[in-house]
Each structure stands twice: as structure tokens, then as C-alpha cells.
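In the part that follows, the structures are each spelled out as C-alpha cells.
What follows is subunit A paired twice: with subunit B in the first complex and subunit C in the second.
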Partner chain A sequence: MKKSFLYVIQSTSFDGVRIQEALDEIMTVAAFDQSVSLLFIDDGVYSLKRGQNPEILNLKNVTPIFDALAMYEIQQFFAEDESLKIRGLSSDDLILSVKSICRSEIGELWDKFDVILTG
Partner chain B sequence: MNFAIKISSSPYHSQASDTAYHFIDAALQKGYGIYRVFFYGDGIYNALRYANPPADEREIVKRWSLLAREFDLDLVVCVSAAQRRGLLSEEENRLLGRRDSDLAEGFRISGLGQWAEAMLEADRVLVFSG
Partner chain C sequence: MLHLVKDSPFENTKLVLCIQRAAPGQTILLIEEAVYGAKRGSSVAPAVIKGLGALSICVLAPDLEARGILAEEILTGIRRVNYEEFVDLAANSKRIHTWL
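And then the complex of A and B:
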């Protein structure tokens, strides 16, 4: 059985262990040889921002985990254009290469997946 | 039609656990299948054996246990989320030299693979978070 999964990331790396636990789940699903993509919206786009130093706050740096996701054959990374722009971010500020997608296109994107989950 | 359900919110943080409970109860009463309920993140607090709310409030943990018994529900608590927050099974407590279980009746502890498998087996996947 194979399904396509879209995980919607809406929170920053500084929202408790939310991102860490989302990443654990994403890696588990990918390890089941499923097709997994990620969509970053709202404050979720901050989780990909370069130059984060969570160690100062004694928090785990999840940036290497995002890097490792490529090894798990994560299909695609999407980021909502409006969420990036309103926060003054461009794709150059991000640690990963993402496909920028407009808010008006997100409904169409959702139609392409069997399962859509929030982290 | 059967459902895989993830609950990732603490019972007193949001309405998510209540909504999930009422959805699952209604689905079962109508004859739908619940393949598995997976408690993740702060959702693990739904399985806390020693929750003891005042007598005039709903008993969130106990009603899960009763529903599990009535419908033979598979209530799975994520092991890593539970350990991180200090909810340990009898076996895990024994390894630490304690005779106790923090897990309420009707729940079991297992890994994220159980959630992945449930999503593949079920017709629909629902997430209750908050």
C-alpha cells in the first residue's frame, strides 16, 4: 500500500517540541516507503530560516534534521509565497530549496495528496 | 469505512480531545470502524492513569477506557512522546526499579510505526490538534 502525504508545517522551531515531533513522524512515514511532501505556511516558514541559534536557549537545533529529510526521499518542499513575503523572507533566506506557491494555488495542491496532516 | 485518528492536544488545553471523543463515539455508534487512535505530542495526557477531576466534571481519561472496553478500541500512546513527558508504562517503570504504571486502562504504548501503519490501512485519516 502506498499513499501520498502532505505535511503542513505552521509553527516555528521555537514552539516547544512541536517541530521535533512533527519531524519524527515525517521520518517514520517516509521510512515506510511512502511519498511525503512538506508545505510551510504561516510561522512555519521561519523554521527554514538560515542563521538560527536555538542552542543559546538550550533548545535542540532541528536544522540538520531538515537537511537529513532529503535522504529520506522527501518528494517536495513547498512554501506559501504570502507567508514568506509578509515576514520579509525570500527563498535565499532558507536552508532548503523550496517551491514557492501562492495561497490561491494551495487548494489545488491539496487535491494531489491522499492524506494531509498538520504537524 | 474506517478511520485512523491522531490526537495531539492535551485534554485541558483545547477542545480537540473532547471533539475527538465525541466524533469517535458517534462513528462507532453508527457502525463505522476506528482502525486506531494514536495519542501524540501533548495528546498523551489523555492516557494519564492518575487524572482525578472534580466529581461534577467530565472524566476524560476514564471515558476513553470505557469506550475502549465497549468497542475493543485500539488506543495507542506514542512511546517517545510519553517518555519525554514522564508517562511510563508498567514495564518502563520496572526498568527504573518502580512498581507502577502511569497508563490508564485500555491504552497501550507503542511507536510511531503504529501510526504510519494505521494511516496506510484506514480509509480516512483525521487529526485533532489544538
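And then the complex of A and C:
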């Protein structure tokens, strides 16, 4: 049965392997032909910032994986407006084109998905 | 929908952000260090009281007791739940999000 999944990304890719594990999960779920969307909030929006060089710290660069998600037919990428703004970021600073959503709309967004997963 | 918050509201802003984002009718459960957010008279109490207007806010009683916070010290409107009720809340919620 096809279900809709929303992955909530709320930490940076420098915070342990949480994002890497979430990406593995996202690709697995999408490979099983499920409908997947991603929501970036709080420090999670940093994981989409352009020009990252985690290799300097001997960390894996996960940004190419976000690019590759397009091939997995990920439905939508949402990013919270307020999270971007307070960090001095705009959608132009991001590696992906995202649909911006404001804080007051988040609670209702969740109700539109069958499954919420935390990354 | 159930929101789980486990960090102290004086350590980071997860609890306040969760209250701002939850839609009316949704439930927030405070566990571990987040139970300090249920206490009266703290600097986050106004934000929690505001949230209580539209949301159901619960707190895990064993985590309160362990920290020496008595029932009369928590904000009016916050419901104390035991482990069994925690399981019921989780089992009866179609969606759960943990504020890590």
C-alpha cells in the first residue's frame, strides 16, 4: 500500500550521522515506491547550504545525496521561512529549490501525511 | 498528533518552537529534562500557558517526581501522565514527532 511520508530534518549534517542515516532511510522508502517529502526546520536548513566542505573535517559530504534525491522522485522539499531568516539564509543560498512554509503552517502540514519521521 | 519534547527549555528552544508549530488540538508530552518546562513561575511559563489555550500539554509524572517537582508546582492545565498513559498516548496517536 502506498503511503505518504514526511521526513523532518532538524539538525545539521555536522551533528553525528543522523542526516546520513535519514538519507539512507529516505532512499529506501522512496525505492519502495512510497510518496516522500522532506521538511527542513531549525538547524536542519543548514544541511542544504551551498558551498559546504565537510571533507576538511574528514566528514562525509552529504550534499550530493540531496541532489540525487531528485532521481528518487521525492515529492516536495519544504523549508521553514523563519528557520532560514533567523540564520541569515534565503532560498538562494540553498542547493535545492524548496517550497517555503511559515511556522504557523507546519502543524497542519503534518496532518497531510500518513507517516512523520524524524531525521 | 503527538509531539515529544525531551530537552530542558533553558538549554535550547525546542519546547517553545514546538508550541509555536503544533496545530490546535495536537498534544505535546514533556519527558526527561523537558519536564522543567511544566513548572510554575519560570521564564518559559508564559509561552507554555499560551500553548495550553489550543493544545493539550502533558508531562511524565515519574520524571517530575524524580526531579522533586510536586503536582502543585506545575502549571494549571498541564496533565500529569504515568508510563501506562504515555504508552496509550503514543499508541493512539496517528503521527508522532520527537523534537531531538
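Everything that follows uses one rule, which is that the second predicted complex is superposed on the first by the 119 of 119 C-alpha atoms of A that agree within 3 Å, B and C clash if a C-alpha of one lies under 4 Å from a C-alpha of the other, contacts with A are read in each partner's own complex, and residues count from 1 in each chain.
Going forward, a contact is a pair of C-beta atoms (placed from the backbone, for glycine too) under 8 Å apart; a residue touches a chain by one contact, two chains touch by 3 or more.
For clarity, every value in this text was computed on a predicted model and none was experimentally measured.
By the document's definition of touching, both partners, subunit B and subunit C, reach A:T118.
Contacts of A:L23 after superposition on the shared chain: neither subunit B nor subunit C is touched. Legend: residue contacts after superposition of the two complexes on their common chain; A:A79 is shown touching neither subunit B nor subunit C.
When both complexes are overlaid on chain A, the residue A:I106 reaches subunit C alone and has no touch with subunit B. Of the two partner chains placed around the shared chain by superposition, neither subunit B nor subunit C is touched by A:I9.
By the touch criterion defined above, A:D42 lies against subunit C but remains apart from subunit B after alignment on the C-alpha atoms of chain A. Shared contact residues of subunit A with subunit B and subunit C: 18, 115, 118.
Every residue of subunit A that touches subunit C in the complex is listed here, in rising order: 8, 10-11, 18, 41-42, 103-104, 106-108, 110-111, 113, 115-116, 118.
By the touch criterion given at the top, residues 6, 8, 40-41, 80-81, 84, 111-113, 115-117, 119-121, 125, 127, 129 of subunit B touch subunit A in their complex.
The residues of subunit C lying in touch with subunit A in their complex are 1, 17, 20-24, 26, 95-100. Interface residues of subunit A facing subunit B in the complex, by the touch rule stated above, are 1, 3, 5, 17-18, 21, 24-25, 28-29, 31-32, 34, 115, 117-118.
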